[in-house]
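One structure is given here, and the rest of the page talks about it.
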Amino acid sequence: MTFIIRREHFSAAHRLFIPEFSDEENFEVFGKCSNPNWHGHNYILFITIKGEPDPKTGLVIHLRHVSKLIDEKILKKIDHKNLNLEVDFLQGKVPTSENVAIGIWNELAGDISRFGGTLHCVRLEQSENNIIEYYGE
Amino acid sequence: MTFIIRREHFSAAHRLFIPEFSDEENFEVFGKCSNPNWHGHNYILFITIKGEPDPKTGLVIHLRHVSKLIDEKILKKIDHKNLNLEVDFLQGKVPTSENVAIGIWNELAGDISRFGGTLHCVRLEQSENNIIEYYGE
Amino acid sequence: MTFIIRREHFSAAHRLFIPEFSDEENFEVFGKCSNPNWHGHNYILFITIKGEPDPKTGLVIHLRHVSKLIDEKILKKIDHKNLNLEVDFLQGKVPTSENVAIGIWNELAGDISRFGGTLHCVRLEQSENNIIEYYGE
Amino acid sequence: MTFIIRREHFSAAHRLFIPEFSDEENFEVFGKCSNPNWHGHNYILFITIKGEPDPKTGLVIHLRHVSKLIDEKILKKIDHKNLNLEVDFLQGKVPTSENVAIGIWNELAGDISRFGGTLHCVRLEQSENNIIEYYGE
Amino acid sequence: MTFIIRREHFSAAHRLFIPEFSDEENFEVFGKCSNPNWHGHNYILFITIKGEPDPKTGLVIHLRHVSKLIDEKILKKIDHKNLNLEVDFLQGKVPTSENVAIGIWNELAGDISRFGGTLHCVRLEQSENNIIEYYGE
Amino acid sequence: MTFIIRREHFSAAHRLFIPEFSDEENFEVFGKCSNPNWHGHNYILFITIKGEPDPKTGLVIHLRHVSKLIDEKILKKIDHKNLNLEVDFLQGKVPTSENVAIGIWNELAGDISRFGGTLHCVRLEQSENNIIEYYGE
């Protein structure tokens, strides 16, 4: 079993809150992450793809394809954006790291299959201390 | 499957030795880590918890709870301490990274269940070159 | 000459723009950093203080004092906040890394003198690729 | 289940190309990595070994043995070398990270068994953005 | 005094040797870095520019300009290349980190002046353990 | 002006205390760093040397010489040791990072001159958050 991992990063603003909750209730659940004026992060993203190296090229998948795919399906929509207001695949979700990682998985999984690999893990580091890994359902 | 990973760190002194061995025998087994006058490390600790994001909040577990739990059950006992002399859950154990990781697992696993998650991995980096991962029995 | 450096970090949202400019003009000057819906960063902050180690204690300055000072004068105002809207010492400034670093310098310099050290450098890493260092006027 | 991970690093030159392809075809497949005049990397290598801590010593395996083994079987052959021309266990292979990781696995797996552990993973970071993990067949 | 620092990276092959020396003499001077079949590194480059923030924009210099300049004058010539054979500004020099840093300085200093800043430092990390800083003559 | 920086690391135990003080007084001054049972750190050490690159070799100084010197004069005495009890050049000093950095400077400065360079800075990172830089008197 061979896995190839691509690291990317993006910067974004967000706010964790449930619209039907008051600011006090949201602060109770999400702490300072519910600040109504937003805050933001430098996110580090690791995309892990499973596959077999091609016997001729020695490559599981062409990283240029993966990189271009992540750029078009994810980074262009999410980098230097507001995760609550501007990202189509996060609409109606609280933009926790969990939900962002799941959203990225759903955007990428099908296309990676088309390139001959299998999406294995989306790892999202919101800060050096707080990390999410999602392996699909 | 969603995993949430919390990074913490602590600094501690220790000595690797087996009491019934001579200093020479201990040096044979543990090398310079058996120095009778102690040495120490900055340990980096990663606690991985498995769970399902709450559909409403998008959170696997409240990180504040995890963080407070790690602080009370682990860091207060272990940070700026002597692993051989002062840590209740390491008594009678050689404080190798293996045993420290297992000890931390045993301290945390039950309480994390009570918060609705499942402890999945304790990763302990004793230095940038030497790392232990423990996944339970 | 001895320097002591304390590393801290904070997460914040911001937008680079000049109010009297149109969105197009702001985009021309600031690129994607002028996104009207904000974006954000994990900032890493290094505060360098110059001083002489006390002959008795071997310390230039008590780090607990420095750390508490940075927490009260900077982090409480700036962490998980919006740099454009919520930070008193940045009012009326475009919150570029340059201006944030200068603002932090002005907040800290006087108080550090009172502790017997001299503020030497504010280093602000907005991302791993973009860094500002400010050494005072 | 306990895993011990050892981090090592080496620097090497390589070129990705298939001998029967023209330079243009190789460039099509491998991009700038097919530069005929070579290029190179600082590789970071993580060797993960699975085992049970010895009840007496608390050690899964003696890291000195692992470290010496990696040094003799891998680093002496590969560090400051040309991966295409000088490494016996890569002869006839395109030295992609995939093939280098697989080659390292094949060199180490047997000897690690002899020390009482089981080779679990070879992780090879060719750069901070491109990483391979190999877990055996 | 305000400094802005831009981090970039490139990968390259090189060999340290003096043509009129024998392989033995070169090995005596440069150790394993004189391997005739080349080796290589991931270089990390930090370009520090001194200047005054513009009172209106709060920027010392437009990072897009700096980034584009480094890309055109340095990275396009040096990334995934052979430092001995392919880089015009290193011709006739032993490609030690010292000489590469000085070469980069000479390529960039004039153009940075034209953008209104002053090149202050070229920092080149050949590995995490070996670093050069050059501040001009 | 060219500077060459060598990174090394060591692990050690220490305790910050003034012998004529009570445990309470030491705790008042040094906080948890005065724990009578010791604690420890992984220290990262950066040695900066100033010099001119040799016109023939392109080297400021032979890193092998520097590395061997640091190993013999510093690391053999200090790595996996107790800074209070076992290090000759720290006798009678409180082993704060300030005093350790100054002690390392005094051990190295003369020998580096003999190799044709000038010791410029000793940087000692006791943790990722607490760093000392010493530039001589």
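For clarity, chains are labelled A, B, C, D, E and F in written order, and residue numbers in each chain start from 1.
Assume a residue touches a chain if its C-beta (ideal position, glycine included) is under 8 Å from a C-beta of that chain, and two chains touch if they have at least 3 such contacts.
It should be emphasised that the depicted structure is a prediction, and the values quoted were computed from it without experimental measurement.
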What are the mutual neighbours of subunit C and subunit E in this structure?
F
Note: among D-E, A-D or C-E, over half of the B-F contact pairs reappear in D-E
For copies subunit A and subunit D, the superposing rotation on Cα atoms, rounded to the nearest 5 degrees, equals 120
Measuring between mean CA coordinates, which chain is farthest from subunit A?
F
How many Å are there between the centre of subunit A and the centre of subunit C, using C-alpha atoms for each centre?
28
Separation of mean Cα positions, subunit D and subunit C [Å, integer]:
42
So subunit C residues touching two or more other chains come to 128
What are all the touching pairs of chains?
A-B, A-C, A-D, B-D, B-F, C-E, C-F, D-E, E-F
Quick one: which bits of subunit A touch subunit C in the complex? Just the residue numbers, please.
9, 11-14, 32-33, 35, 37-42, 79-82, 85-86, 127-128
Footprint of subunit D on subunit A - complex, ascending
1-8, 46, 48, 53, 56-60, 62-64
Could you list, by residue number, the parts of subunit A that touch subunit B in their complex?
16, 18, 29-31, 93-99, 101-102, 128-137
